[in-house]
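Right, I'll just put the structure down here and ask away after.
Each chain carries a letter (A, B, C and D) given by its place in the written order, and its residues are counted from 1.
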Amino acid sequence: MVNLEISLAGVALKNPIIPASGTFGYGREYAEAYDLDVLGSFSWKGTTAAPRLGNPQPRIAETPCGMLNAVGLQNPGMDAVIETEVPHIAEIFHGPVIANVGGFSLAEYAENCRKLDAVEQVAILEVNISCPNVHAGGKNFGCDPKSAAEVTRAVKAVTNKPVFMKLTPNVTDITEIARACEEAGADGLCLINTLLGMRIDLRTRRPLLANRTGGLSGPAVFPVALRMVWDVYEAVKIPIIGCGGVSSAEDAAEMMLAGAAAVEVGAANLKDPYACKTIIERLPAVCAQLGVDTISELTGGAHHG
Amino acid sequence: MKKSFFTLEHARQLTEDTYEVVLSGDTSAITAPGQFVNIELPGKFLRRPISICNWTQDALMLLVKVVGDGTRELVRCVPGTEVDVLSGLGNGFDPALAGRHPILAGGGIGIAPLYGLARRMLEAGLPFTVALGFRTGKDAFYLEEFAALGCRLLIATEDGSLGTRGFVTDCIRNVPECDYVLACGPLPMLRAVHGLPQLTGGQFSFEARMGCGFGACMGCTVPTVNGYKRVCKDGPILFREEIVW
Amino acid sequence: MVNLEISLAGVALKNPIIPASGTFGYGREYAEAYDLDVLGSFSWKGTTAAPRLGNPQPRIAETPCGMLNAVGLQNPGMDAVIETEVPHIAEIFHGPVIANVGGFSLAEYAENCRKLDAVEQVAILEVNISCPNVHAGGKNFGCDPKSAAEVTRAVKAVTNKPVFMKLTPNVTDITEIARACEEAGADGLCLINTLLGMRIDLRTRRPLLANRTGGLSGPAVFPVALRMVWDVYEAVKIPIIGCGGVSSAEDAAEMMLAGAAAVEVGAANLKDPYACKTIIERLPAVCAQLGVDTISELTGGAHHG
Amino acid sequence: MKKSFFTLEHARQLTEDTYEVVLSGDTSAITAPGQFVNIELPGKFLRRPISICNWTQDALMLLVKVVGDGTRELVRCVPGTEVDVLSGLGNGFDPALAGRHPILAGGGIGIAPLYGLARRMLEAGLPFTVALGFRTGKDAFYLEEFAALGCRLLIATEDGSLGTRGFVTDCIRNVPECDYVLACGPLPMLRAVHGLPQLTGGQFSFEARMGCGFGACMGCTVPTVNGYKRVCKDGPILFREEIVW
């Protein structure tokens, strides 16, 4: 028997597989397909203080081995989520939930996290300082170590829950941002969010996405994500949730060997709603092949060679 | 929603770019005409959404217009090819709400879901007229299949080479007693139909670029009078009153 | 008849298709496959002052819709190239050649470019400040606007040939680097070089590449390259050679609509040695579909909408 | 080098993980045993290099060991599948330089190119011995094919379940008059064979991860006594004297 349990900044998960924010809504649609209790956790859709309608259509484009999205953080707003979604989640998932939190100012991030501090099911706050699809006038908080640290501190000040900062890959040196978050008190990191990309429609000669650019995700980005997880693992001591292009149990194992304590699966869920379930079912066999009986041993395994 | 493998039985060419594709497999997740399936194709990351033209207990019929690599590959599949399909997606048409003189209005490849809808309405004993629009007579397809249903069938082509010269809207105008529409077709057509003053209501089938097709990603949402709706889950059928252009 | 001719900083090319540096050697192997004179130009393998053996094996890994390479600028050195390869190129290709120039210091870049100034076949210098696979002690010149400008100035001072700076995508803001190069006198830009990535071998639990990381290229990176070409087109006035993931005539057209005056094709040549020839043969049909009879009209076409 | 389509004729399972794959097509670019082909597979970006086991004017025979997705897909192809192949890559063995008592030494899947080599040497009237090593008797394949050539055939298995207990090197040691080797197999085997003091010369076939397979990318270069060489173009066969471990 392979032991799939892991611990993420003190939060015990029955296995390391977590559907990534924005690809799993608040769990409703997948609960129609399978019993969510097989999951280690899930990260809900990035939620902001006010409800957001998101960007105009089209928001989705296909790319080789991947996709672009420019959803633009469409969500019903934090109060509605706490009132309506949280009680519903209680019915469909009984493990610890990761709350992905969006924001446009330090104050908004702090206020969102403060509200979540009292929500029992939410075990981890995942603070998204990396969404490429919202225009807050200027760069992302995640593109600059100082801003990233400021958000971290603002959030840590208002919550007792572990805070994971979600980083963008669209930077020259992700380890610099990672270290800034660690020093500011982050309990963990999640990386990567999407790579900025675009497509042009040859017929109309216009950008395919109404928002012009979108976030690239899916298998295409896996080698980039893996490299960043490796680099950040060497740079910080706090746990990392590895994310980006994972679509099989083998990919998840590779991500853990690079340094991830847990693994988020995003775009793969959209192509195959059963992706996470299938990965979890295959994990014991992959661990056996790799000769480990406790999956957490994989974390960082490729660094000590 | 159900994820299962279907076997391609045949792909039959109907016009220069349009094919009838028949798949066999478990159709139990399909509950209404106007729903769609989302098809995985080798080498493509996203699935391809295609309306259900008709279905039986163990077969699925689609009408596919080749517009890019994915649709080209689908119609080129040889019989026996296994295809991964998410079936029974979307809300579908509700013929029970279709009033007393409904017209089924389709444009181009948009006629696909109307065929299954017409068959279900016949079975339910509901009255209706069918109006189909094409660019030219050469682009027309499925006329015999619709004709064989025995319902009233009107046809318009832009160049007048077949039926009325003009658009589906011209057909509808020619049936003044018609007050309700069940429509599917390109956006300009939907818009023109939507604007017809003789209509008191209608159901309109929309398209959108989709990430998932089952409501999870918010990739396909459009504004409606009742707030944003997901074309894939809350649609693809929207009611006339709620549509925002 | 579609006119495929383009002009690149005053250099006339019979068409916009250029095999990318490092995927075409010095032309020898492809000349065995087809007549190179169908090409607009070709960019030879990144050449440094001293001969370089490159990195240890393995240097290549596969990724979804792409590949990683960690060749590490293996090349016979500038003198050997000028003595041996240049005369041979004269036999197999009669158009203008793009000389890709590597370097580890300002002095080396300048010296390499000075030597090339006298080489008649070389019409354009493509200065690679973006190779992810060489360790010059610290960051790439291409990761910092000041260093990028310094290299540009050093090179411009010693040559009369048009200088194109080749940029790395592994930066927070590529337009900043692009503008710095333009201000320092660059005649054009080439982007993108490869994205930094890695893979781990599950069996050995070690990085697959001996160099650990490698450069990601191929279709997977196309949407990222396209976005950067768009952004840089808005930021500068000098011509752009678009590069990254192009593998069809449609991709080339899309790259031009985003702002590229010419298009380099890299990894696609490795998969299909006839890739560039095939793309060139298909270009007239694609132009016809797009309704242009002069291909250069496509450049930036998606910006004016 | 030639790029052309081959048609898969059959894939026959030989052991748990090893298959014989026969392709028909234009083999005119193949000039020597020990060359390889580079095969495109759907959904894989890089081609897969596979040694030419044997060839006729219009057919190509490969021995393929399934080690990952690409090789798995190749052996699963149904007869009639069209495959994009770059053929005639690499230098190949030169039997003319093989001395008076050469031995063809293969380990595991590395025996593949030796079969074609043996046939060419027979045709040329050159004398030789064949020594094949496998892990166990269950892993052995192509014994009958080699035996049918009528040449002297020695076999070693690590567990002694077939032939000599031990390695190919043990077979070679048992043939003291042998002074030259033509070898293909895993790296440790090549190294052990290379070190045998009885040998005065040899040709060794190497593997490397490849970007192109035709000499353009410098992905596969290895150090030799004569400077860096590209396994794909200057190899895969290197001479004993030039090899650097």
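Note that in this section a contact is a pair of C-beta atoms (placed from the backbone, for glycine too) under 8 Å apart; a residue touches a chain by one contact, two chains touch by 3 or more.
As the structure is a computational prediction, the values presented were derived from the model and not from experiment.
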item: Fewest hops from chain B to chain C - one hop per pair of touching chains; value: 2
item: Chain pair with more C-beta contacts, C-D versus B-D; value: C-D
item: Separation of chain A from chain C, taking each centre as the mean of its C-alpha atoms, in whole Å; value: 34
item: Rounded Å distance between chain B and chain D, as computed from the means of their C-alpha atoms; value: 56
item: Centre-to-centre distance between chain B and chain A (centres being mean Cα positions), rounded to whole Å; value: 36
item: Per-residue overlap in chain C, given as positions that touch at least 2 other chains; value: 61, 63-66, 218-219
item: Touch-based graph of the chains, sorted into line, ring, star, complete or other; value: ring
item: Each pair of chains that touches, named by its two labels; value: A-B, A-C, B-D, C-D
item: Chain C contact footprint on chain A (complex, rising order); value: 61, 63-66, 68, 139, 143, 170-173, 195-200, 202, 205-207, 212-213, 216, 218-224, 226-227, 230, 245, 250, 253-254, 257-258, 289-290, 301-302, 305
item: Parts of chain D lying in touch with chain C, wherever the complex brings them together; value: 1, 3, 40, 44-47, 86, 208-212, 214-223, 228, 233
item: Partner chain D, residues of chain C touching it in the complex; value: 22-25, 28-30, 32-33, 45, 53-54, 57-67, 69, 71, 74, 218-219, 267, 269-274
item: In the complex, chain D residues that touch chain B; value: 42-43
